[in-house]
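I have a structure here, written as C-alpha cells, and I will follow up with some questions on it.
Naming follows writing order (A, B and C), and every chain is counted from residue 1.
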C-alpha cells in the first residue's frame, strides 16, 4: 500500500522520506530509493496527483536556455565578450549576438561593452556545463546604467517576479524604482530617490525570506503601502517587464 | 574599466545617505560577547558589527625576554582572513591583507601602551609572558579592521593569567583570577573616503570602491596613537584632519561597547 | 566493571549536550554551527565555483574540497601553530570521504565545492563535530544530497563501551572510534579507530555510535527546518 509521509507545502530536508510505495513518482529534487521517495534538497514539498516534487528553497543557479540573466563583462577577445553570470564557467557573448548593428571584425569592442560593465542578456544556448552562449539582441537586453546590485537566491527569483511579473510590478509601483531581475539571482535597482531603492531592497529581502509562506502578495501589498508613505511615487518605468 | 556600481553609490552619497539606510558617520549595531572559547583560551571574545563577525582568543606563553628589553614581556597579534568568511579570501599562507591587518592591530595596542609590557616580566633576563592574540574573521561584511581591533581588546579584557609552576612552566588547566595589565584601550577607527565623502564602518561594497582609507588608533583622551593609510589615492592635509576628527568622535561611541 | 558512571556523570550511551544552528555565516552559500559538550565547530560552504588549476577539474562531476582547521587558541594546552599540520590535513581528507557518498555533484562538472571547518573550542570529538556541521552547511547550500551525514565517536573506556568520549576519557588509555553515518541509508562513511577492541566490543561500539548519530541527525533536521520554516533566514 502506498502512502504519503509528508503534507503538501511541508518544509523538507535532504534524506527526508516523502512517500512510500510504488504508486508515487519522483519529480524534481526527489529520488527513489527502494519503495521510498527521498528529497535531495531543502525545499517545500509539492504533490500533484501521483507526482511528488520538492521546490528548493536554496541552491545555486543552473543556466537554462531562454533565461534572462545579469552578468559582468570580465574579458574581451577578438570574437566577442566573456561574461560572469555566477556560474563556474564564463558565458560567451559573440559579436553577432551582441547588437543589431553590424560589428566589424577588429572594431573596438569596448565601445559596445567595456570591462566591468553589467549587461542583461538572454541565454541562447547551453551545452554541457562549459558552453553557455548569451545574446544581448532583443527588447530590454542592454548594458545597465548606474544602479545598485543585489544578490538573491536564484531559487526565489520566480517569487520575486511573481505571476506574469505581478510582484515586481507591485514593487516598482510603490517604490518608483527601475528594477531588473536576472534569473541567476542578480537584481539591479536604480532610482533618483535612494529611499526608493532602499525600500525595494527591503521588499525583495522580505519575499526571499517568506516566499513559501502563503498569502505573500497580500502581505507585500500591506508592507509596501505602509513603508512607502513619504516616498515620492513616480513610476518612471523605461524597463521591459521581466518574465 | 567602467564602474556603474561606484557611480550610483557616489550619487546616493551626495544625498547624505547610504544604500543600507545609514548616515555617512553611522556605525551598524555592535555586539560584544566574552568567553566564547573559555575552556581553551585564557581570554576570548566575539564581536559583531552588523553582519560582520570576528572572534579572537588570547593564549599566554612563557618565553625568554628579548636582549634589548630584558625586563619586559610582549604581545604577538595574528589575524587571519579565513576563506570560511568570504569568497574573496583564499586558502594557503597568510595573505598580504591578513598581514597588514595583524600589524595594524598590533601597532594600535603596542603604541597606545594598551598592555603594560613591564608587568609581563616574570623574571628579568629569564622569563616573560608572551601574550598571543589570534583573530579570525567568521563573516566578512565589511570593516574587518575595526571589528578586529575591538575583538582583540575584548579578548585581552576577558583574559586571566594561568597558574605558573615553580620552574616557570604554564599550568594551562588552572586559571588565576588575575587580569592582564591592560591599562589603556586604544580603539581602532577606520574612515574611508569615496569621492568627496567620508564614511565610517564601510560595508564590503563600499570598501571595494573606496579612494582612500585611514585606520586610526585613538586613546581615551582623544589622542591618536597609530595610523595606517590604505587605498590607491592620495589624501591632502585637510582631508586627513577631517578623517582624524571623525575617528576621534566615533572612538567615544565604540569605547562604550567595551565597558 | 563496577564503574557505573562516567567522569562527567553521563550514562554510557549518553551524548553530551548539543546545539545546532544553520546559516551562521551569511556571506557563505551555506553554513552551520555544531556544538557538542565544549567542542564548537563552524562550517561554511562556497560553491560550486571555478576550480583552478584546471588540471584538478573533473569533467564528469564537481569536486569536493574540505579544509579542517583548529583556531590557534582552541586547544587545551599550548597555542596551536597556525597553518595546516599533518593532523589537520588528514582530518580534511576523512571529512571529504565522510561526506562524498551522500552528495550528487553530477550537475557541477568542472567545478569545486569548498567546505571550510573551523574549531573555536575543543574538547574531543572535533572531527566528528566538524563533519556534522559540514553536512548541515552543504544542505543549506542546496547541494543535492541523498542523506545527511551525522558523526560521533564511540569508544571503550575501562572495559565499558561508551558514546561520545571527552578529552579526559580519551586520555585514559581508551579505545577511540570516530565514525560517521548516513543514518537513513544505514551506512558508515567514515571510520577511524585508535586502540584495541575485540570484534564484539567493536560491533557494540558501532551500534552505539549509530544510535548516537540518529539522535544527532534529529537535531540537524530540526536546525535546518528552523532556518527555513520560520522564513527568517538572515
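We adopt the following convention: a contact is a pair of C-beta atoms (placed from the backbone, for glycine too) under 8 Å apart; a residue touches a chain by one contact, two chains touch by 3 or more.
No experiment lies behind these values; they were computed from the predicted model shown.
Asks: Please report the minimal path length, in steps, between chain A and chain C on the chain touch graph.
Replies: Between chain A and chain C, the shortest chain-hopping route counts 1.
Asks: So which has more C-beta pairs touching, B-C or A-B?
Replies: B-C
Asks: Quick one: chain B and chain C, Cα centre-to-centre, how many Å?
Replies: 31
Asks: So the centre of each chain is just the mean of its C-alpha atoms; given that, what is the distance between chain A and chain B in Å?
Replies: 38
Asks: Where in chain C do residues touch two or more other chains at once?
Replies: Expected reply: 49.
Asks: Using the touch definition from the top, list the residues of chain A that touch chain C in their complex.
Replies: 11, 13-17, 29, 31, 33, 38, 40-42, 56-60, 62, 88-89, 128-130, 155, 209-213
Asks: Going by the contact rule at the top, pick out the chain C residues touching chain A in the complex.
Replies: Of all residues in chain C, those touching chain A are 29-30, 47-51, 102, 104, 107-112, 139-148, 182, 184, 221, 224-225, 228-229, 231-233.
Asks: So in the complex, which bits of chain B are touching chain A?
Replies: The touching residues are 1-5, 7-9, 11-12, 15, 17, 19-21.
Asks: Under the touch definition given earlier, write down the residues of chain B that touch chain C in their complex.
Replies: That would be residues 36-41, 44, 51, 53, 55-59, 61, 78, 80, 82-87, 91, 93-94, 132, 134, 136, 138-141, 172-173 of chain B.
Asks: Provide the residue numbers of chain C that touch chain B in the complex, in ascending order.
Replies: Residues 24-28, 38, 40, 42-44, 46, 49, 67, 69, 71-79, 82-83, 114, 116-118, 120-123, 234 of chain C touch chain B in their complex.
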